[in-house]
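Each of the two complexes below includes chain A, the first together with chain B, the second together with chain C.
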Partner chain A sequence: MSIFSERSLWGRLDDVQHDAGYDEDHPPRMGFFTDTSVCIGCKACEVACKEWNDVPDDGYLLTGMSYDNTQALGASTWRHVAFVEKSGAGAAPAVDLGMPSFDLPGAHPHGEDQATESGDGALRWLMSSDVCKHCTHAGCLDVCPTGALFRTEFGTVVVQPDVCNGCGYCVSACPYGVIDLRKDDGRAFKCTLCYDRLKEGQTPACAQACPTESIQFGELSELRERADRRLEELHEKGVDVARLYGRDPEDGVGGDGAFFLLLDEPEVYGLPPDPVVPTRDIGSVWKHVGIAAATLFGVGVASFVGRRK
Partner chain B sequence: MREQSMVPEPEFESYYGRQILKTPTWKTPDVPLYLFLGGLAGASAVLAEGAALSGRPQLERVARLAAAGGATAGTVALVHDLGRPERFLNMLRVFKPTSPLSVGSFILAPFASFAGAAAASQVTGVLPRLGRLAGVGAAAFGPPLATYTAALVANTAIPAWHEAHRELPFVFAGSGAQAAGGLAMMLVPLDQAAPARRMALVGAALELVASERITKKGLVAEPYRIGRPGRLMRFARNASVVASGATALAGGRSRVLSAVAGATYLASSVTTRFGVFEAGLASAKDPKYVVVPQKERLARKETGGAAAHTEGQPAG
Partner chain C sequence: MAEAHPVGFQWVMEAKRRGATIIHVDPRFTRTSAVSDVHVPIRAGSDIAWLGALVNYVLSNDLDFREYVVAYTNAANIIEGRFQDTEDLDGLFSGFDPETGHYDPTSWAYQPDSAQQVEDDAERDRAYGDTPGSQESHQSARSESHGSGGAPVRWKGRRDETLQDPSCVFQILKRHFARYTPEMVQEVCGIGPEQFQRVAEALTRNSGRDRTTAFCYAVGWTHHSTGAQMIRTASILQLLLGNIGRPGGGIMALRGHASIQGSTDIPTLFNILPGYLPMPTASQHQSLDEWVRDDEGKAGFWGNVRSYAVSLLKSYWGDAATPENDFCFDYLPRITGDHSTYTTVKSMIEGSCKGYFVVGENPTVGSSNGKMQRLGLANLDWLVVRDLQMIETATFWKDSPEIETGELVTEEIGTEVFFLPAATHVEKSGSFTQTQRMLQWRDKAVDPPGDARSELQFYYDLGQRIRRKLAGSTDEMDRPLLDLAWDYPTDDEGDPEGEAVLKEINGTGPDGAALASYTELKDDGSTACGCWIYCGVYADEVNLARRRKPHWDQDWVASEWGWVWPANRRQLYNRASAAPDGSPWSERKAYIQWDADADDGKGKWVGPDVPDFIADRAPDYVPPEGAKGPDAIGGQDPFIMQTDGKGWLFAPLGVADGPMPAHYEPPESPVRNPLYGQQNNPSRRKVDHPANPINPSFSEIFPYVFTTYRLTEHHTAGGMSRTLPYLTELQPEPFCEVSPRLAAERGLTHGDWVTIVTARAAIEAKVLVTDRMRSLRLGDRFVEQVGLPYHWGGNGLTTGDSPNDLVNLTLDPNVYIQDKVGTCDIRPGRRPRGPELTAYVEAYRRRAGVDMAHPEDGGADG
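After this line comes the complex of A and B, so read on.
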C-alpha cells in the first residue's frame, strides 16, 4: 500500500495494525472507553499511572482555578482528571447517575434526586479522566522523523525513548495537545497504554485502579458496542447531554483508540471539538511546496535573462 | 498602529480558558533563524550557478559562500534545537514522506554537502570541475531547501500555520529570494549584481502577494495581524516595499543605495520568519483559534448534511 494512499492518511481504517505493516494474525486493537458519567474525580488513575510507569513529578503548583492542580496532559502526566464546576444557567439539569450525593443524608425527605432543579445556586460537577487518544491516524506518529514513535501490534501509539532525539515535531502535530517534551530530559513522552502490561495480557494501570469502572479497557470493537449501549441507556434516562467523543471511525482522526462519553461539549473539558490529523493535507502541502520550489528556481533563471548589466 | 480585528470577539467555551494545543517546543531563535538561513542558502545556490554560467565571478563567489555558510549555520541551529542533539543522526534513520522534517533532512544533508564542496573548491581553486558539479547539485536542492520549511510548519495542528499551507511555501520562496538577492546586493559590485536585484524584486512581489492572502483568512489568521507577530509581519512588508522602491529606482546606479536596499531585504526576510513562527505560537496559546473554527466546521457539516470533507476545509 502506498504511503500516500488516501486511506492510510485519513478516513476510516478498520485494520490499523495491518496498515502499519503487521501480519493479518496480529492481536485485536485494544483501547480505553472512559465513561465520564461515573467518574468521581478520585485521581486513582493518575496515581496508578505515575506509579506503574515511573513517571516523574511535574511540579506541585496550586492553580487556584479548580480542584485540578494537575492541569493538563503532558510529558509527565499521562492521565489527567479534569474538574469542571458548572453553575447557573449553563448547568444542564442533573439526573441521578447513581453517583454519591453531596448533600447531607435525608436532605431530600421526599426521595428527590440530589439535584438542582430549583435553579439558583445550581451546581454540577463534571469530571473526566483524559488520556492520549491513540488515534487511528496519529499526527505525532506521522511526523516523527526518527521512527521513535511507532504503532504497536495492539494498534496503540508508543514512543521509543532510546530512539527519540527530542525534535519536538510530534508536539506541534498532535491535534489534542497530548504529547510533550520533558524539559530536563529533552525527549518526548506520553501514555503508552501500558504497552508492557498489554504484552503480559494485563490491564493498563489506570483502568485497573479505577474504582467506578469509568475507565474501561478492552478490545476497541467491543468497547464501542458497550459505549453505544451506555449512551442509549443514558438517553433513555433523559440525559440528553450525553454524547460519545472519539467513537466515530469516520472522524478527522479516523476514530480514537481511547474514546469518551461526555456530558457537555468537548471544549468544556479542554478537548478540541472536531480534531483533524494535520497529515490529512500532506498531499496538498507537498504539492504547494513543489510549485513554490519550481517558482523559486524559475525566478532564479529569469533573473539572469535580459540585459547584461 | 495596531490593527484591530474587524470581527467581534467570538464567544466560546473552554476549560478554564486553558490552551488546548501544546505550544510548539521549537526554540527561538533557533528555528525561525533556521527558516531564514535555509531560504538564504537555497536561493543563493541558484544565484551562484546562474552567476557561474553567465560569467559573474564576484557574484558567484558571494553566492557560493552564502549557500555554504547558510547551510552550515542552519544545520547548527537545527541540531541545537533538538532535545538530544547528540542523536541528530537519528533524523536519517528512516525516510518518511509524511514527515517534512524527515524529508527536509534528506534535502539539507545533500545540499550542505554540495554547497560546502562548491564553496571550498571556489575558495581554494582545488578540483574546479568537481566544484562546479557540486554547485549544480546545490542549485538543484536549493529551491526545495528554501520551501520545504513551509511544509515543516504547515503540517502541524497549529491553526495559523496549518490553514496557511497553500500560501506559506510561496511566502518562504519569496523570502528566500529576497535574502539571497539582498545579501548579494550588499556585497557584489553593481555591474555584476543585476540578477541579484531582479531576484530580490521578484521575491518581494511573490512574498507580498502570498502574505496578503494569508492575513485575509479571518480568525485563524488573526495572529498574523495583531500583537508582536502582527508587528513583525507589518515591519517585514514595509521593509520589502521600501527596499523594492529603492532597488527599482536606483539599485543599479548607487553602490551605497544598493547595499542599503540589500540589507533591508535581509532584515525583511529575517523578520518574516520570526513573524510566521511567533504567529504559530500565539495561535497555539489561545483556545479560541481551535474551538471557534472547529465549531463552525461542525455546524457546517450539520447543515450541509453529508457534504463531508472538501480540501478547502480547515484541519486542526
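After this line comes the complex of A and C, so read on.
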C-alpha cells in the first residue's frame, strides 16, 4: 500500500480498516446514524461526551443563536446540537437553498402572520446533534505528519494527544471543520467515537445517553440499512424533506462513518452540501509533479545536449 | 415534556413512531412542539376555557362514550334541587360566602335514594352530636387528602340512567359548558377556530371502544389560582371520552423532581399523613374515632381507613400504641388551619415562625415572590439548609437583592444559619416514586464526600440526639418522641438501612414478617404499616422496588420492573377497561376482563395487569342494602377508591372552588373575563402583605402577560445545574423570550438587556426575540407574553436575577399553590441598581394605581 495510491485517498472504499493495514479479520466498521427527525435537543449527548472524555467546558456565552450556546464543533465540543428556527414562508420545505437561510429575529414585527396563523405549523425548530464524521477518506488523518491521527480497528479516526505536536495541518484538511486546536493547550482534539468504550464492547457515551434514539450506534453497514428504512418510512408519511447526509460511499469523502438523517438542506444545519476531502487530488498532483519534473529534466538534458553542439 | 422531562419523553417519541398523533398545547413553542404533530399556542392561564370548549364539543355533538359514561361515571346522578350553577349566578356556584371566600358544598350533593337514607344519616350525625351535613371534607386543607380517592359522599344517590333528568349531572354539565364555544376559545385563549376543530376532531376520533388518548401535564396546569380545576376539566373530558382506567388512556402528572409523587404519598405536606390519611385537626379530632369516622365504613377501600390509621400509629409508636390509649392517637400533632409553605413564610415575616428546615429546596429562587421568602428568612431565630451546594437560600443574609437595595442589612439579621452538606442520590440508597406511582430502588454507588450525609441519617441522628437529651423526662409532652419505635440497623457510617425503612413502610404482621397487601391490615393493632398504599412493596421480605427485569423478558405490561402502588397495579381503575358485563370494550383495547369459568365457575378478573377490583366480584353483583367498605362496591363500580364507585364528572364534595370547573382569569390579567362577570377565582387565597402587591388587571402600565418555565439544561432553582460547567455552558445566562411584535412595540433588540417589572420587583435579563413566542390574537386585540426561564439566582457559575421575584402570591384554594402567570412591563436596558431599584418599582406601583392599603386585591373584583 502506498500513500500515492489513488484508491485510499478518494472514491469508494469498502474495507477502510484493511486499507489502513489491519488484517482481514478486523472488527466491523462502527459508526453513528444520527436521526435528527427524533432529536429533541436535550443536549444529553454533549454533556455525556464531556463527562466521559473529560473535555473541558467551552466558555459561557449566550450567543442568541436560538438555544445553541456552544456554537460549533471544536476542540472542546465533540458533540454539538444545532438549533435552527425557521418561520414564515421559510418554514415550508426548502427547495433551492444555496445558503443557510432562516429569518432574522424581528423579521415579522407586526405579528400579523404568526398571530392569525398561530399553531399553523408555519414554524419549525430543527435540532441536530453534529459530530466528527469519521470519514472513509479522512483529510485530517492523511495530512497528519506525526502519526498522531490514526485509523482504529473499528474504522474510526482518533487523535493521540501524546503524539500530536499541534501543527494544525489537520484543521485545514477537514472538509467539515470538525477538528480544532485547543487554544490553551495547543494540540488538536475531536471525537474519538469513544474508542476506549468501543474496545470494551460498550456504546459511545453520547448514544448511550440519547433518550430518543436519535443517536444510534452500531455496525455501519447495518446503520445504513436502518437509515434507508427510516428514510423510506418518512417519505411514505409525506415527510418529503427528509434526506440522508454522509450515507453515500461514493461521495467526496467516500461516505461518513457518522452520517445523518436531515429534515432540510445540509446548509441549514451548517453542514457543507458537498464535502470533498482535500487530499482527493494528491495522487494526480503527484503525477503532475512527476510529469513536470520529468519534463523539466528532459528539457534540461536537451539543453545540455544542445550545448554540445 | 421534551423540555422538562426529556427522558420520559422517549416514550412519547416511541408512541409517535407507532403512529400516535402528538398535540402540544403551550404558550411557547418548545422542544416538545418541535417534534409534535400540532402545536397550539395558548394564553397562559386560560386552559379551562380551552378544555371546557373541548368538553362542550364532546357533549354537544354526542361524541361521549355513552355506555362508559352511563355505567362508570356519576353522569346519571341527580343533584340537589337547591344547586345553582355559574350560569345562574354569573360565575359563582351556590353556597359561596363572600365574607370568607369559602363554599358550603351542601347544595352540590347527590339526591339520596330514599328518605330512609337521609334519616339513617341524620341518626348517625346525632349520635356523634353533629348537625347534619356539618362534615368539613370540603374544607380546602382537606382537598389534598383525597389524593387516593374522592371525598366521601353520604350516599350513592338517585340516578337517571337515561340522562334526561334536567337535574342529572350530565344535563347540568351540558348547560354549564354550553358557553365554552370555539369563538370563546378564540377570545380567551387566542386559539383560532380551525385549530380548535383540528384538535377536537383528533381527540374524539382517537377515543372510544377501539382507541384511547392520554393527557400529560405539568406545572403549566397546576401552578395557577385555578390549577386543581384545570386538571378537573381534563378529568371530565377523559371520563366523557372513556379514557380512564384503560390502556393508553389516563392523565399523567409529570412531577417536578424524581420523587415528587413519593413526597405526596409519604408526604412532606402539612395536611396529610402517609397514604393520604388526613392530618387531624385540633377543632374536630379529639379521638381516633372522631378522626376516622368521616370515612369509615363508606363504600370502597377507603372505608377501611381505621385499619390504615391504626397500622400507621403502630408503625410510629410500636408497643407503646395500644387499644387502651387510642394507639397513641394523641401523640399526633393537630393542625389548626392553613400551615402551607406560603402561609408559613408570612408567619416568618410576622415573627410567629421561628425556625425553618430547608432540605433539597432553594425557596429564595424557586418559590414565588422571592422577596417575601428572604424577608421571612431574615426574621427567623435559626435556619437549617441541607443541600449539595451553597445555594442562595443559605447565603441570603449577605448577598440577597434586598442587601443591595438596603432593605435588609446583614448586621441587623439575627438568623443563625446552619448549612449542612447533603449526599446526592448516587451517594445513598433509596427509592424514587415517579408519576406512574412506580417505586424504583437505587443502590448507593459511592460514599458521600466529607461531611455529606443522607437525609435518612441526618433525621435519624437528630431524632436520637434529641431523644437522648430528653431521656428520663417525665413530661407528657416528651412522650411522643421518647416512645417512637426507632430501631433501624445502620451501616458503618451510622446511615440507617433504607430497606429496613422500606419494610416498615410496607408493613408487618404480628410475627414481624412483611405483609403482602393492604387488605391484610387490621384495626386492632396487630399490624403496623408506615404507608398503607405501599403495602406489598416488600412482600415476602423481597424489595420489589429493586426489580429490573427488562421489558423484552416479560409481557408488555412489564409488571416485574419496580413496583407500583397500590398492589403493583400498573393501571389504576382498570376494571373500566372492560364493559359493564366484564367483556373487553374491544379486541384492540382488551386489558382486564371477567372470566366466568375461572376458579371452578366462580369466576374472576383476569388480564396482564393486577385487576384494580375485588378479584372475584362478578360484574352483575349488586351490593345488599347497608353494605359497608369493599362489600359495598358494585360489580360495575370501577372507581373503587370513590365512596360511590363512580368517576366524578361533577364533584359533589371535596373541591374547594366549585363542583365543576369555570374559567377565571389569573389574579393579574390584561383580559376581562369574557365568560362571567366574576373576573378571578372567587375562592382564591390571597396573601395579604405589603411585599405582595397585585398588579391591577387591565392596567396599561402592566400590559403584558408573563409566565415562568424551565429549560432542559437547568434543574429547577439551579442549585444542581448552575454550579456545573457542563450545564452552565449550555444555558449560560438568564434570558427572557418575546415575540417580534412585542420587541418592535417596546424597542427590544435581540440579545440585549431588558428590564421586566411587576408591582413586586424589577429584574433584568437578556432578550431572545423569536417567532417561537406568538402574538396571540384575542378578538380584535393582541396579547403578548413574556417567557421567563426561572433557574437563575445570585450564586453559581452563571448568575442573574430570579424571575420568581416577579411572581405574586395568590393561591389555589385546594392545594395552596401560587399562580405563575402575572402581568408586567418590559423595557430595553438594564434595571437600576441599589435604592434606585426600589424607587423604580415604587414609581410603577404609583402609576399603576396599586392600592397599598389592600395590596392583595389587584382591584379586579375585590
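Please note the rule applied: the second predicted complex is superposed on the first by the 254 of 309 C-alpha atoms of A that agree within 3 Å, B and C clash if a C-alpha of one lies under 4 Å from a C-alpha of the other, contacts with A are read in each partner's own complex, and residues count from 1 in each chain.
Here, a contact is a pair of C-beta atoms (placed from the backbone, for glycine too) under 8 Å apart; a residue touches a chain by one contact, two chains touch by 3 or more.
These numbers were taken from a predicted model, which means no experiment stands behind them.
Residue contacts after overlaying the shared chain place A:K50 against chain C, while chain B stays out of touching range.
With both structures placed on the common chain, the touch criterion links A:V241 to neither chain B nor chain C.
Applying the stated contact rule after C-alpha superposition, one finds that A:Y169 touches chain B and leaves chain C untouched. In the superposition on chain A, A:V277 contacts chain B only, with no contact to chain C. Shared-chain residue A:L13: touches no atom of chain B or chain C.
In the superposed model, A:D185 makes contact with chain B only, not with chain C. Of the two partner chains, chain C is the only one that A:L61 touches; chain B does not reach it.
Touching more residues of chain A than its counterpart among chain B and chain C is B.
Once the two complexes are overlaid on the shared chain, A:G177 sits against chain B while remaining clear of chain C.
Once chain A of one complex is fitted onto chain A of the other, the partner contacts of A:V289 are limited to chain B, with no touch recorded for chain C. Once the two complexes are overlaid on chain A, the chain A residues touched by chain B in the first and by chain C in the second are 66.
By the touch criterion stated above, chain C contacts chain A in their complex at residues 2, 6-7, 9-10, 13, 17, 29, 31-35, 38-41, 190-192, 195, 711-713, 725-733, 735, 739-744, 750-751, 766, 768-772, 774-777, 782, 797-798.
Across the complex, chain A is touched by residues 12-16, 18-22, 24-26, 42-43, 46-47, 49-51, 53-54, 81-85, 87-88, 90-91, 93-94, 96-102, 105, 139, 142-144, 146-148, 150-151, 153-158, 162, 165-170, 172-173, 176-177, 181, 191, 194-196, 198-199, 202-203, 206, 252, 280, 284, 287, 290-291, 294-295, 297-298, 308-309, 311, 314-316 of chain B. On the chain A side of its complex with chain B, the touching residues are 3-4, 9, 65-66, 71-72, 74, 82, 84, 139, 142-148, 163-169, 171-181, 185-188, 250, 252, 265, 267-282, 284-286, 288-289, 291-297, 299-304, 306-309. Those residues of chain A that touch chain C in the shared complex are 37-44, 46-47, 50-51, 56-62, 64, 66-67, 69-70, 85, 87-88, 103, 105-111, 114-121, 123-127, 211-213.
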